[in-house]
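The letters A, B, C and D name the chains in turn, as written, and every chain counts its residues from 1.
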Amino acid sequence: MSYARKIINDPVYGFITIDHPLLLKIIAHPYYQRLRRIHQMAFAHLVYPGAVHTRLHHSLGAYHLMNLALNELKQKGFDISKEEELGAKIAILFHDVGHGSFFHALEKKLIANVDHEQISVLMMHLLNEEVNGDLQTAIDIYTDKQPKRFLHQLVSGQLDVDRLDYLSRDAFFTGVAEGVVGYDRILKMLVVHEGELLVEEKAIYSIEKFLISRRLMYWQVYLHKAVVSAEKMLVNIFNRARDLILNGTELHAASSHLDFFLQEPFSSNFANNIERFARIDDADVMYTLKTWCDSKDKVLSTLCVGLVNRQLLKVKFQTQHFDLNEIENKCTEVAQKFNLSAHEASYLVFTGEAVNTMYNPFDERIKILFKDGSTSDISTIDNPLIHHQFSNPVKKYYLCYSG
Amino acid sequence: MSYARKIINDPVYGFITIDHPLLLKIIAHPYYQRLRRIHQMAFAHLVYPGAVHTRLHHSLGAYHLMNLALNELKQKGFDISKEEELGAKIAILFHDVGHGSFFHALEKKLIANVDHEQISVLMMHLLNEEVNGDLQTAIDIYTDKQPKRFLHQLVSGQLDVDRLDYLSRDAFFTGVAEGVVGYDRILKMLVVHEGELLVEEKAIYSIEKFLISRRLMYWQVYLHKAVVSAEKMLVNIFNRARDLILNGTELHAASSHLDFFLQEPFSSNFANNIERFARIDDADVMYTLKTWCDSKDKVLSTLCVGLVNRQLLKVKFQTQHFDLNEIENKCTEVAQKFNLSAHEASYLVFTGEAVNTMYNPFDERIKILFKDGSTSDISTIDNPLIHHQFSNPVKKYYLCYSG
Amino acid sequence: MSYARKIINDPVYGFITIDHPLLLKIIAHPYYQRLRRIHQMAFAHLVYPGAVHTRLHHSLGAYHLMNLALNELKQKGFDISKEEELGAKIAILFHDVGHGSFFHALEKKLIANVDHEQISVLMMHLLNEEVNGDLQTAIDIYTDKQPKRFLHQLVSGQLDVDRLDYLSRDAFFTGVAEGVVGYDRILKMLVVHEGELLVEEKAIYSIEKFLISRRLMYWQVYLHKAVVSAEKMLVNIFNRARDLILNGTELHAASSHLDFFLQEPFSSNFANNIERFARIDDADVMYTLKTWCDSKDKVLSTLCVGLVNRQLLKVKFQTQHFDLNEIENKCTEVAQKFNLSAHEASYLVFTGEAVNTMYNPFDERIKILFKDGSTSDISTIDNPLIHHQFSNPVKKYYLCYSG
Amino acid sequence: MSYARKIINDPVYGFITIDHPLLLKIIAHPYYQRLRRIHQMAFAHLVYPGAVHTRLHHSLGAYHLMNLALNELKQKGFDISKEEELGAKIAILFHDVGHGSFFHALEKKLIANVDHEQISVLMMHLLNEEVNGDLQTAIDIYTDKQPKRFLHQLVSGQLDVDRLDYLSRDAFFTGVAEGVVGYDRILKMLVVHEGELLVEEKAIYSIEKFLISRRLMYWQVYLHKAVVSAEKMLVNIFNRARDLILNGTELHAASSHLDFFLQEPFSSNFANNIERFARIDDADVMYTLKTWCDSKDKVLSTLCVGLVNRQLLKVKFQTQHFDLNEIENKCTEVAQKFNLSAHEASYLVFTGEAVNTMYNPFDERIKILFKDGSTSDISTIDNPLIHHQFSNPVKKYYLCYSG
């Protein structure tokens, strides 16, 4: 008896089983292996030292939850063919393959005219050629062209396995026990109704809890002061680098592939340069930051030394805009202290908004299927037990400054 | 009321409390922050994707266990002064500070005449100057010059908090549930007897279990085929690089600091170059490997591409030496396949020993304190319940080859 | 070196250390040991089979959290004497000692003129005589007569270790992962301000999460339909038994001590009968229920057989009062089906309210200490991030009926 | 779409799914519900307060592992029909249904001529009639009459799901982290070879670990001094009761069903009295012990008071027989102290053997399937890595005495 199976240990779920040769092939591909060298949570480990898990690990975890979800739905009698099953598994494995290193921070700086989902699609198409079209169903599911929409919704929707995994995984590796999500209960409550993915009525508390956990993770982790500071420092490092280059200074990223995008971002022919992109990972960025610690440009070296050695800019949060005078005063102070121009100081003192869009009812919805067959969105349930404020995006303003 | 305290989330232990300004100062130092950029388990994540935790995280964990151990001993009435307590905490924080990136693989290749513990001492002395001698007690404990030997044994001994943490942490992040160690029970059983660290009699099963877990972790994790393969590939990459350089080929590491040691290893004046050393981390090594993927030297590029994309050499283990003919045949095969010389092929086909020295009774000992006040080493206990074979170092031979 | 210490394994916290002879003495007392034979969650195990933990286990857990809380406060420099420390530990060990078997269900039926906290105090006084007054500080803390009010608040308040433990423990043993409380984080954020227990500002999210977890546990566990049904069946069993006795039927509880209270509840001299009370546990109640399965009274036997064999009354919840006609119809149906009078049927069809009083701002408060030294109640914080509805007690009406 | 499914929370495995009406019917049966009122670990909770989980909970856990095992085998392509699958699930649900309350202690005292597995079969046959023969496959599997022997081996064998669950569950609820078993890894390594259940080669370390964990659980938990003491006290309580009855003393168990077996044990027509047996649970035994606390017989009351209030006999363990003089001296001492005859004192001072038969190679075997298709028993593997001593049953002698 012969069978191609690989079992992978995962501290979050125990074991992840890979049970098809095509899945093994995809995982072995350099596009996929690259995810191994990209932190899922960027610089969050500066606050939560355990949060060094990788995008590859998250991708495998989401794949595992997809397996659980498909098994539940099949056991409940919903029709899913072998081909659709494999397609959904591939789609979720690949959902993040186009993610760049420190993408949330760098995406808008270096490769502005494509987003990471478009890059994922590009890469899937390239890989599809290598495997003679075997990824077509996966691509259809990923791009929402498959008639069974619930398969796409498992990959990308309000309750998709992507979110369920990253919240679970991020809570696990940060050690923020309160962020734990009852993913298994939610998965067991999934149903298909008129081709869409819904949850059964008795999942209401679990979903409410899921939304609350997500909110807690936003404020306590993703938007933690030091995490925001590190992310904004990284953005400003590349802003400054671009600024210098545009002003004619000779400046290079230590990594040649990263340098290509730095010298000429917003390139119209991104698709032609995808192989370059596919070779960039956290090592390219980190090594570049380390070399720029010795840059002659004081702004650049200050920011890089700070980020590398975890001497972060200070951060204040408040619910109103910061007073312009306060910002200007801080800026002047910093300009004097480091002997910088006002423009230069603006890289070390700046403000912006941090938004936690936990659940946007105008966007996609979490629909509940009641025992009587009716459905409604969780935000509109006529039940005093459900908070109605979920839909309010909450905004805070931050001020970063060299302390 | 004012107090300097920092609380760090840790998925393994919950919370780690840093409660002294000197500790905060040490942790903030670039020497210490560098550990954040070095994987604790090198390439083990190629098999166990969760195993990407850092040396900094391990160091904080060992520090936490030191806190627990000291509290237990103090509660039991053993005399430990405030200064000794702080010293022991600093000593454990610093115990790994001299660890290089991928050190187990690279130590003998690049910096042969000093080991990482000597480097730790060097760094502690340098830092001691910065803080006007406040680290002296810590240094004495680390170097076993403190009269209360048990403090040193907590830092470095058969049951030190270093081991207790790395076994616990490695089991946790790999997801190998069976490697879990009852660290808390062992810590609660520690006693001091004639100045030495012992464990109470009722800890016997826990310690036996600790030794078994360690053995399991060795064979299942540390000496996993793919982990051994990756480590040996890394060694051979730097062997090959040195080989080329000695033969006059112009070859550089992408990282200038790493290149310094590559061009001139075994330097007699390591102490003078410690600042260079202190700036090398995994990014230097990984980025170098990635650039060498494009090397003209076929051996170097083959190994680097393989290691970066996880196309590892195959590995066989056996309890006897491998047959020389078998090795030679494989070698010839590989030489032909890749059009290499026999010498070049020897980087892709090679053999060696993997040794699991779980517990060496001739070395340091785990001593048990019995209720009647007598003591004996766990390996000599006259008790049919304790296995006597713990002391046998177990050896396996491996054969790595391009498959 | 001699020390009286006992270490107890606890799946929730790892190890619990008992470190004083007086504590060991109290735990060994039959009053305390009785708690070992009383389920913490009564019949919740009919839904959550793991929820069979005992009041003794909860009491030890709360004691452990008290240790952690006191250590945190001492480390932060708040003054707590050895005597106060021991007193607070004893007070929490004893806080539930007056709990009867299935008390939430039976308290009002059998021993109406004293509540379990008064019984705890009675028992503490009795025990205090046995140990020559050594419990006085504990009694003062328990009864809020100790000048340092924060000690009492640790035993009984909005954030007391009693709640932190029972929520943690109940979530653990039911397996409701979403009910998990970040007890360790909350404990680390405790401070004393003007003699009162407060939490630091940065605990806000953890406390919000604590309140949400509590709400989830209420609706998903404590007020789960089947749990409510079982509890109400037990109440009606004893209601029916009393009814029969008052009408002159000879009916006895199988347990003589339980029977004493059954024949003559609301006794004015409860204090004289405390030794009887102290010998009643779940076995008395369960064995009585099992013998009444064979009662000639059909109502009694129906309810007992149902409760023993888990054939529970059906339950409906709704937010409005149930329609009287609906109830009457059901009642008539049941009366006919089982050949019962309307009065008899009312033991099998009945309605009532289930209330979740998560957080009552008019009662005790959770106060936050801000960095600037100001304080406010969490429910009044001017912060869009905190939900303002915490204070609404939420009510549901239930209808139980024989299905 | 309609489906009969019930989901049960389990702190050990997360969720257990019951997915067939026949399974729901069996679980709802009073025979099965009785297991809810029997502690899995008898008096182990006197040492490990969390160990109050029930036989019902264990049975559900074993059922869950059976599901996992069957899924693995089916995924690997082994042929298992729907009927066999359901049969195996029922067989494991019922495997313990014949267990009596405190059976390990009482079995030989009260119902000597049948063992609990025979009782389970009796009960299965009775239930089979109620469901028109639908349990036949389950009975065949349980009694090893099913041609696919591996199904029986999953229910009862060296690596059956019964053991995997009870070790996992007992380790979990006692909080003995070191007893944790890698059940999921072992289940993933199961294969069928020539109709028998084997494990793949790469499971070797996990199985070795499983055996070690089992040993640790034996010595640290199952044969813990206080646990042995409580068990032997219970045995002696019933020994003494029988002794009194045989000598003409009027003595009754408080429970009438228990009393039936007490007055006339070893009844030849056990099958006729199975309904009595099926109504006995821990409440009958505990309530009887509590009433006997007031017995006029000093031996009986001493033992009962001791067991109820956790004032246990002292225990000594040693590897040799205890010296007869030592025993006799203790006996005399106790006789004088309590004013007892020598015979009476022998209930309070006695000796015996505690045996840990971890793995008996002559009995059933754990067979390994190697990659080359060969098989061998784990105890005979020619591999220095596997300890050869597993097969030695280890024996200790105990002496219990009133201290």
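Just so we're on the same page, contacts are C-beta pairs under 8 Å (C-beta built on N, C-alpha and C of every residue); 3 or more make two chains touch, one makes a residue touch a chain.
Bear in mind the structure is a predicted one, so any value in this text is a computation, not a measurement.
If you compare B-D with B-C, the chain pair joined by more contacting C-beta pairs is B-D. The chain with its Cα centroid farthest from the Cα centroid of subunit C is B. If each chain is reduced to the centroid of its CA atoms, subunit C and subunit D end up 32 Å from each other.
Subunit B and subunit C, compared by their mean Cα positions, are separated by 49 Å.
Per-chain Cα centroids separate subunit B from subunit D by 43 Å.
Across the assembly, subunit D contributes 14-15, 176-177, 184-185 as residues in contact with two or more other chains. On subunit B, the positions that touch subunit A within their shared complex are 8-12, 14-15, 28, 30, 33, 36-37, 45-46, 48-50, 52-54, 56-57, 60, 172-177, 254-255, 279, 281-284, 286-287, 290, 308-311. By the touch criterion stated above, subunit C contacts subunit B in their complex at residues 1, 3, 5, 7, 14-15, 17, 19, 75-78, 184-185, 188, 191. For subunit B in complex with subunit D, the residues that touch the partner chain are 176-178, 180-182, 184-185, 205-206, 208-209, 212, 216, 219-220, 319, 383-385, 387, 389, 392, 394.
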